[in-house]
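Please find one structure pasted underneath; my questions will follow.
Going by the order they are written in, the chains are A, B, C and D; count residues from 1 in each one.
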Amino acid sequence: MSGQHIHAEPTNFFRKHVFSVDHKVIAKQFLWFGLIWLGIGGVMAMMIRWQLANPGEPVPVIGSMLFPRTNGVLDPATYNTLFTMHGTIMIFLGLTPLMIGAIGNWSIPLMIGARDMIFPLLNCLSFWAMFLGGAVGFISLFVPLGATEAGWTGYPTLSTTINGVGSGETLWAIAVFLIGASSIMGGINYMTTVIRLRAPGMTWQRLPLTVWGIFLTSVLNVLFVPVIGSAMLLLIMDRVFGTTFFIPASIMQGAGGGDPILYQHLFWIFGHPEVYILILPAWGIIGDLLSFFSRKPAFGYRAQVGAMVAVTLLSAVVYGHHMFTTGLSAMLGESFMLLTMIISVPAEILFFNWLHTLWKGNLRLTTPMLFSMGVIFVFGLGGLTGIYLATIGTDIFLHDTYFVVGHFHLTMAASALFATFAGIYFWFPKMFAREMNEFLGKTHFWFTVIPLVTVFCLMFVMGYAGMPRRYYDHTSAEYLRSLQHLNKYATHAAFLLGAAQLVFVYNFIRSRWWGKPASQNPWEVGTLDWTMETPVPHYNFKEIPEVFTGPHEFSNPDIPDGKDWISMTEKLKA
Amino acid sequence: MRSPFTQLVCLATVAIGTLSSFKALNFFGSDPRADEDHSQMIAEELPHARPPRGVPLTITEGTWLRAPGEEWIIQQNELARKQGLEPRFTEDPSAADGEGAWIDSTGFIQKRYDEEEDFWAYWQWVGPAQLTRGRRDFVQFCSSCHGLDGDGYGRSGQWLRPSPRDFRQTNFKFTKVLANLPTDDALKRLIKRGLDGTPMLPWDLSDEQITDIVQYIKSLSPEGMGWRDPFTGIGSIVEAGENPWAGRENFAIKHGEKVYHGVAQCMLCHPGYVNPRDLPGLLDQPEDTVYRENLYLPVLKDSEYEVLGEKVKILPPDFTFHTIRSGQTPQDLYETIASGIKGTAMPAWKGSLSEEDLWALAYYVQDLVEEYKDKPAERRGLMERLREGL
Amino acid sequence: MNRSLIGLGALLALTACGGGDSAPKPQKSTTGSTSSSTAETTTTAKSTDTGGAAKASGSQDWNDSMGTATVSGAIKFEGVAPENKAITMSDVDPKCPGGAEETILVSNGGLANVVISVNKGLDGYKFAKGTGAVNLDQKGCQYIPHVLAMQAGQTVSITNSDDTVHNVHSYSKRNQAFNQAQPAGAGAIEKKMSQKDKSFPIKCDMHAWMNCQVVVFDHPFFTVSDENGNFTLPKLPAGTYKLVAEHESLGKQEAEVTVADGGTETVTFSYGQSAP
Amino acid sequence: MNRINSLLAGVLSSRWMKALAVVGMAGVAEAQGGNRWAPFPPASDFGHRFSELFWLITILCSISMVIVVLLLLIPLLRDRARPGHKANYDHGSSLHDKRLTAVISLATFIVLDAWVLAIAMKDLREAYWNMPEVDQAETYPIEVLGQQWAWHFRGPGLDGEFGTPDDILEMNQLTIPKGRPVSFQMTSKDVIHSLFLPEMRTKKDVNPGSINKTWFKPIEAGEFTILCAELCGYAHYQMFGNLTVMEQEDFDEWEESASLLGIAAYDPEDEEAQWAWEWEE
C-alpha cells in the first residue's frame, strides 16, 4: 500500500485525456462512451417500438435518412438487426461500461482510499478494448448484408454461415469477444485493487456496498466472461475457418458433427451470470444510497453482503432455466428449476433489508434516492415475474414470449439502468464538480418510471396472451392480430419513456458545463470519496487516509458535533 | 495462471470438456441422420457438404438480358399516361453510346442485332451496381431455399416438395403469363404475393429491393437459355377481362361443374367431383362407360422441373384438400387456369375455352375450396355421395 | 431515369478504371454474355429490321428453278422389327380408342418416320422463309403425322379430331414453347415456327403416350421417309452435300452425296436393332 | 408430503381458483372479433394444470408486490426528512434482527417458491414428463421437420408406419384427433425453431441435428394456432401454421383420404422427398 506512487500529472493532451491511465479519466471515458451507446441503443428501441405499433410504415424523421432503400420502412432483416444490436449494445456497450466501467472505476479507488487502480495501464487497455469492440460493432452495421440478425444470443445455426454469409455476424462475435476481453481486464483490475489497495482500517466489513457489488461482479466477470469468449471464438471459427463446432452432421449432410445446443450451454453459462454482473453493482449502489438518503445505517449490512455473495455463487448453477424448452432431460429441468427457486432466498433477504433500511428513516427524497427506490419497485416486479419463468410448467408457455422480454427488461435492464442513473446523479457533483438540477432530475425519474413500468407490464400481458417475441409484424398471424392494440399502448408509453431521457440529456449536458459549482460533500455522507476535496486532485489522496468508522454510521448518537453523519476517517465519541 | 489469457484458455477448456462429456452421455438427444454412412456421403461430394464461406457478394460486370419488345414499351407508357403518371420509358437516341435506347428506372432497353443468327431482339442492360444490390438481397433473403447460386437447392430447399425454383432452369410455375418468360412486373407480383402453402412467403421487401432481386434472378439464366436466349418470348400477365357471371355466381358454379367434367375434362388429371353415374351425361357417353380407376384422386404427372438432375413429378391438387398456391379468388383462379402452369401438365386454357367457361371454372374451383377444404364433415359428406355411385 | 444514370456513371467509372470492357455497346453476339472478351465493338449497320440482312457476301437468293438434281433413297431396317406395344387408353380416357406405339414403324424392311435433310453444302444460297401451313392432327389420341418436318416461317396448324380434350405441350427451344389446351371442337391452334429448331417433341400430358417429333429447317431440302422407308429430295442444286437421317429413338446417320445438275443419286441408310 | 400435495390439489381445484381462472379468461369471450388481453383457453389436458399454476403464482406474486409497495410507500409518506425528525439508528445486526431476516426470507421462500415448486413438480411428473408410450395404440405419432420458414408434419398414415408411401405430409397445417395423446418427434433442416402451440400450452425447440420429443393430449376440437417461438431468421414472424383437432370420426375419414392422396403423390424414384426417419422409441 505504501507502494502507491505519485507520478507527475501528464501534460500531453493524449496522455491526459485519451490514453490516460488515471482511473478518474477512464471513468469519464467509460461514462461518455456508455451514454452515447445507450442513446444509440435507445433510438434502436424506439424504432423497434415504432415498427411493432405501425408495421410496415416508414419510421418518422430518421427513417428515410437511415433506410433510403426502403423509403424509411424497416424491412424484417433490418428489424432483426435492430433488436439484435439493441440487446448487444444495451448490455455490452451501454450498461456494462456505465455500471462497471464508469461507476466502478470512479468509486472503487475513491471509496477504498486508493490513489488509483492497481494496474492503471490494464485499466486504460480495458477501456480501449471496449472502444475497439464498440467500433467493430458499429462497423458491422454497415457491411454488405447488414449486421447480425441472429438475436443478441446469437444461437447457431442461425448465427453460423448456414444462415448468413455476410460478415456482420462475424464482426459481432469479434466485438463481443473484445468487450469480453475488456470486462476480464477490468474484473482482474477491480478484484486486485479491492483486495490489495484498501486504506488502513478499511476492513472488508467497512467496505461500502457499492464496492462489494462491483467486487463480486468482477469475480463473475473473470470467471464467466471467458466462457462467452470461447463460445465466440468457436463461432468465429465455424464462420471463418469452416469448423463445425456448432453445426450438426445432419445439416452438413454427414460431414462435421457439432451441436448447436453446445453453444446454448456455453452462452448461458456466461449469460445467466451476466444478468448478475449487471445487477450486483446495482444492488450494491442502492444498498449504499438507500442508507445514505434514509440517514440510517444499511440494515443488515452483513446479511446484504452475504446475500450478494450467495447470489454470486448460485448464479453459476441456474443457467439451465434459459433452456427449459430446448429438450433438457426431466432430471436436469427439475434440478435447474429448484436451483432457480433457491436463488430467490438471497433476493428476499436483500429486499427485506432494503425495505427495513427505509423503515423509520429520515428520507431525503433526492433524485438518486428516488432512483434507488425505483430499483426496489422495478426489481420487485421483475424478480417476482421470474417465478413464472423458473417454473417449468408456466415457462413452457411463456418462454420466448413478450413475458420474458418484460421480465428481463425490468430486472437486468431497468433495475441496472435505474441504479446507473442513481449513481450518475449521486457522483456527478464529485466527478464534474458541478451539481445536477434536482427538479429536472425528479422530472426525469417520474417520467421514466411510469412509462417504463407501463411498457414492461404491458409486455407481461402480451406474453401471457401468447405473443412471441422477435416478431417483425404481429398482424401477420390471425392469432396475434387481436393483441396488436397492446403493442400500440406499449409504443406510446415507450415513446414517452424515450422523450423523458431527453430531460436527462439536457440536464446532464447543462449541468456538466453550466451547472452550479458543487460543494465538497453535498449529500452529507461519510465515505472516503465525499470527504476529499472537489474536484478530486491528481492521485486522489496526498496522504492515504486511515479509516475508523463504517460507511453507514448515520444518525449514530455517538457522532461528535450533532451532525447525523460522520466521515469514515473520523472517530466516534467514546 | 496469472495472465487473463491463460485463465481464459483454461476455463474455456474446462467448459468445453464438461459439455463434450455431456454430449458423450447423449444429454442432448441423438442425431437423426447420424447413423448414415458419413464417409460415403462425403465421398459423393454433395452440393452443400460444407457451409458456404467466402461467397462473392459483388458483381463487377453488367449484363444484357432479354426484354419485352417495343409494343410492350408503348403499352406501358400508355398505361402510365392513363393513370396520370409520367410515361415509364423515354426514348433516348443518344443513350447506349449513341445507339438509341428506351430508358426507365431499371435501366435501358435496346433493340440489338445478332449477326450470327440474323436476328433482332430487344435487350435490357442491367448494370453491375444493380446486380450487386440484387445479389446481396438474394443471398440474404432467398438463398436459404434457392441456394447461393440460385440452383434451387439451398439448405432449406432440400427435401422440399414442391422444390424451390432452380433459376438456371428459367421456368416459372405461377407467373400467369402465356409466353415462356414473365415480365419483371409478373415476377415482382409473385414475390410480393408469395405462394400459399409453401415456404415462398409474401415478401415484405420494398419495391426497389424486389426490382433488384428480379434483375439478379434473371441474370442467373445460363447462356442461351431464359433471359439470355434471343428467341425467348416474354409475356405479360393474362388479363382477366370483364366477369361475365357477375351477380350470377350460383349459375357460374353450376356451369363450371359441367365444364370441369365435360368439355375440359379436368378429371383426367385432377379428381372428379361428381358421381360417376352423372359423368356419362356430362360427357355425352354411353351409360356403362367405365372411367379411370381412382377417379376421386389426382394423377401424378411429369413435370419439366429437375432436382439434382432428376425430373420431379407433380401431383395436381385436389381442390377439396390441397392448398391452392396462387390465390383463391375467382380472379386469381381465372388467371391461373387461363395461363396454365409453366413446366407442368397444366395447359393454358385461354382461347381454347370461352371466357364464360373459364370464369365458370374459376368459380367452380373456388366453390370446391370454400365448401370442403378444412371442413371434415362436409368433405366426408361429399366423398360418401361420390362413392355411392361406385 | 436517375437510377439508370447512376448505373451508367458506375459503368463509366468501371471502364475508366480499366475494369473490364462491360460498357453497354452493341456486340456481335447478343447472347448477353458477361464475358469481356468482346473487346471489339463492331457497330453493325443498324439499318432496318428487314429480318433478312445479308448473311454472308457471295450468297445468292435461292429460287426453285435453280435446283434440278434429285437425291432419293430408302431407309432400311435390318433384323426383326420390334413389335409395337399396344396402348390401353380407355382406363385413362374412355373416349380414346386404343392403339399401338409408333416409335419404330417398319414395313417391307423400310423404316418410316425418319427425317432426311441436307446438312452441309448449301452455304452459297440464301433461302426465303417458308410460307403456308402444315397440319398436325390429333386423331384417335395419336398425332398424325407422328413426325413432322417443316421449314422456318411455316405455320403449324394443330387440330383436334377427337371427341376429347388434349393439351398440346410443345418443347420447342428456339421457337416459343407453349402448352395449350384443346378441347373437342375447339378451333385449330396456329403457331408460326419462325426459327429453325432441332428436333423437339410435342406431347399431351393428359394422354401420356401421345407424342410427336417436330423439326424445323431453315431451308427446303428435307423430307420424312414414307411408310415403306422411301424418300425423295428433289430440286437440289448441283453440289456435294452431307445428308443426315434422324430417327427419334434410333438416332442419326450421315452420308455424303454429290449430285450433278439434272442428275439423280440414290442413298440408302440402314438401321438395325443395334443401331445407336 | 402426500398430505400437503393433496391439500394443494384441493386448494387449486377449489372454487375460488376456478372463479379466478374464469375472470382471467373473460377477456377472451369479448375478444372473438376484437382486442384481447388474455390467451385463448387451454385445449390440452396439462394446459389446464399450467393455467391454474399461472394463476396461483399470480396471486402469490400480487400479494408480495402489494407488501413491497406498502413498505415503500409507508416510509415515503411517514419518514420524509423534515426539521426535527431523526432517523432510527439501527444496524439490524442484533440477533433478533438476524432471526427476523432469516424467518421472513424463508417464509417468503416457502410461501412463494416452495409451494409453486411443489405443484409444478406434481404437474410435471403427473402430466408433462409423463410422455405416452409409443407402442400404445391410441397414441398418434407425428414427425415434425422445421425449416426456414415452414413447418412440415408427417403422419404415419393408415399403416401406422413412417417412411411408407401412405404417409400424410402436411405443410404449415397439422391435423390430429381429439382425446388421444399426440406424440411428436421433431428436428430441423437448418436452424433452431420452436414449435409453439399456444392453445395447447406447449412449446418445444426443434433443433437441427437431434430429435426432440414432446406430447400433449388435445381435449377440444377446433382450429388452433402453430407459431414459431425461436428466432429463425428473416421471416420468423411468418412461420405459422394451423392446428386442426378433429373428432375421432372426422379424423378417420380425413386420415383415409389424406393417406390415399399421399399414395397418389408418392414418387418412388424421388428419394429426396422421403425425409421420414425411423420412429425412435
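In this text, contacts are C-beta pairs under 8 Å (C-beta built on N, C-alpha and C of every residue); 3 or more make two chains touch, one makes a residue touch a chain.
Given the structure is predicted, the values throughout are model-derived calculations rather than measurements.
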TODO: When you average C-alpha coordinates per chain, which one falls nearest the overall C-alpha average? Tell me, please.
DONE: B
Task: Between the pairs A-B and A-D, the one where more C-beta pairs touch - done: A-D
Open item on the list: How many angstrom lie between the centres of chain A and chain B, each centre taken as the mean Cα position?
Closed with: 49
Open item on the list: Roughly how far is chain A from chain D, centre to centre by C-alpha average, rounded to an integer in Å?
Closed with: 31
Task: CA centroid of chain A to CA centroid of chain C, Å - done: 75
TODO: Please compute the C-alpha centroid of chain B, do the same for chain C, then give the distance between them in whole Å.
DONE: 30
TODO: Hunt down the residues of chain B that sit against at least two other chains at once, touch-wise.
DONE: 28-29, 31-33, 140-141, 144, 155
Open item on the list: If a residue has to touch 2 or more other chains to count, which residues of chain A qualify?
Closed with: 76-77, 162-163, 247-251, 259, 261, 327, 472-473
Open item on the list: If we use the touch criterion from the header, which chain pairs count as touching?
Closed with: A-B, A-D, B-C, B-D
Task: chain C partner contacts - residues on chain B that touch it in the complex - done: 60-66, 90, 96-97, 99, 103-108, 110-116, 118-121, 123, 125, 127-130, 178-180, 223-224, 227-233, 263-265, 268-269, 283, 285, 289-293, 301-302, 304, 340, 342, 344-349, 351-353
Task: chain C residues within the chain B interface of the complex - done: 1-4, 6-8, 10-11, 14, 19-20, 22-34, 36, 43-44, 46, 49, 51-53, 55, 90-95, 164-165, 167-169, 171, 173-186, 189, 195, 205-208
Open item on the list: Looking at the complex, which residues from chain B come into contact with chain D?
Closed with: 28-33, 140-141, 144-145, 155-156, 158-161, 197-199, 201-203, 294, 297-300, 307-308, 310, 312-313, 315, 318, 321-323, 374, 376-377, 379-380, 383
TODO: Sort out for me which residues of chain A touch chain B in the complex.
DONE: 56, 69-71, 73, 75-77, 144-146, 160-166, 181, 184-185, 188, 222-223, 226-227, 229-230, 233, 238-240, 242, 244, 247-257, 259, 261-262, 265-266, 269, 327, 329, 332, 472-473
- [ ] Using the touch rule from the top, collect the residues of chain D that touch chain B in their complex.
- [x] 145, 147-150, 171-173, 187, 189-190, 207, 209-212, 223, 233-235, 238, 242, 244, 246-247, 250-251, 253-254, 257-258, 260-261, 264-267, 269-270, 272-273, 275, 277, 280
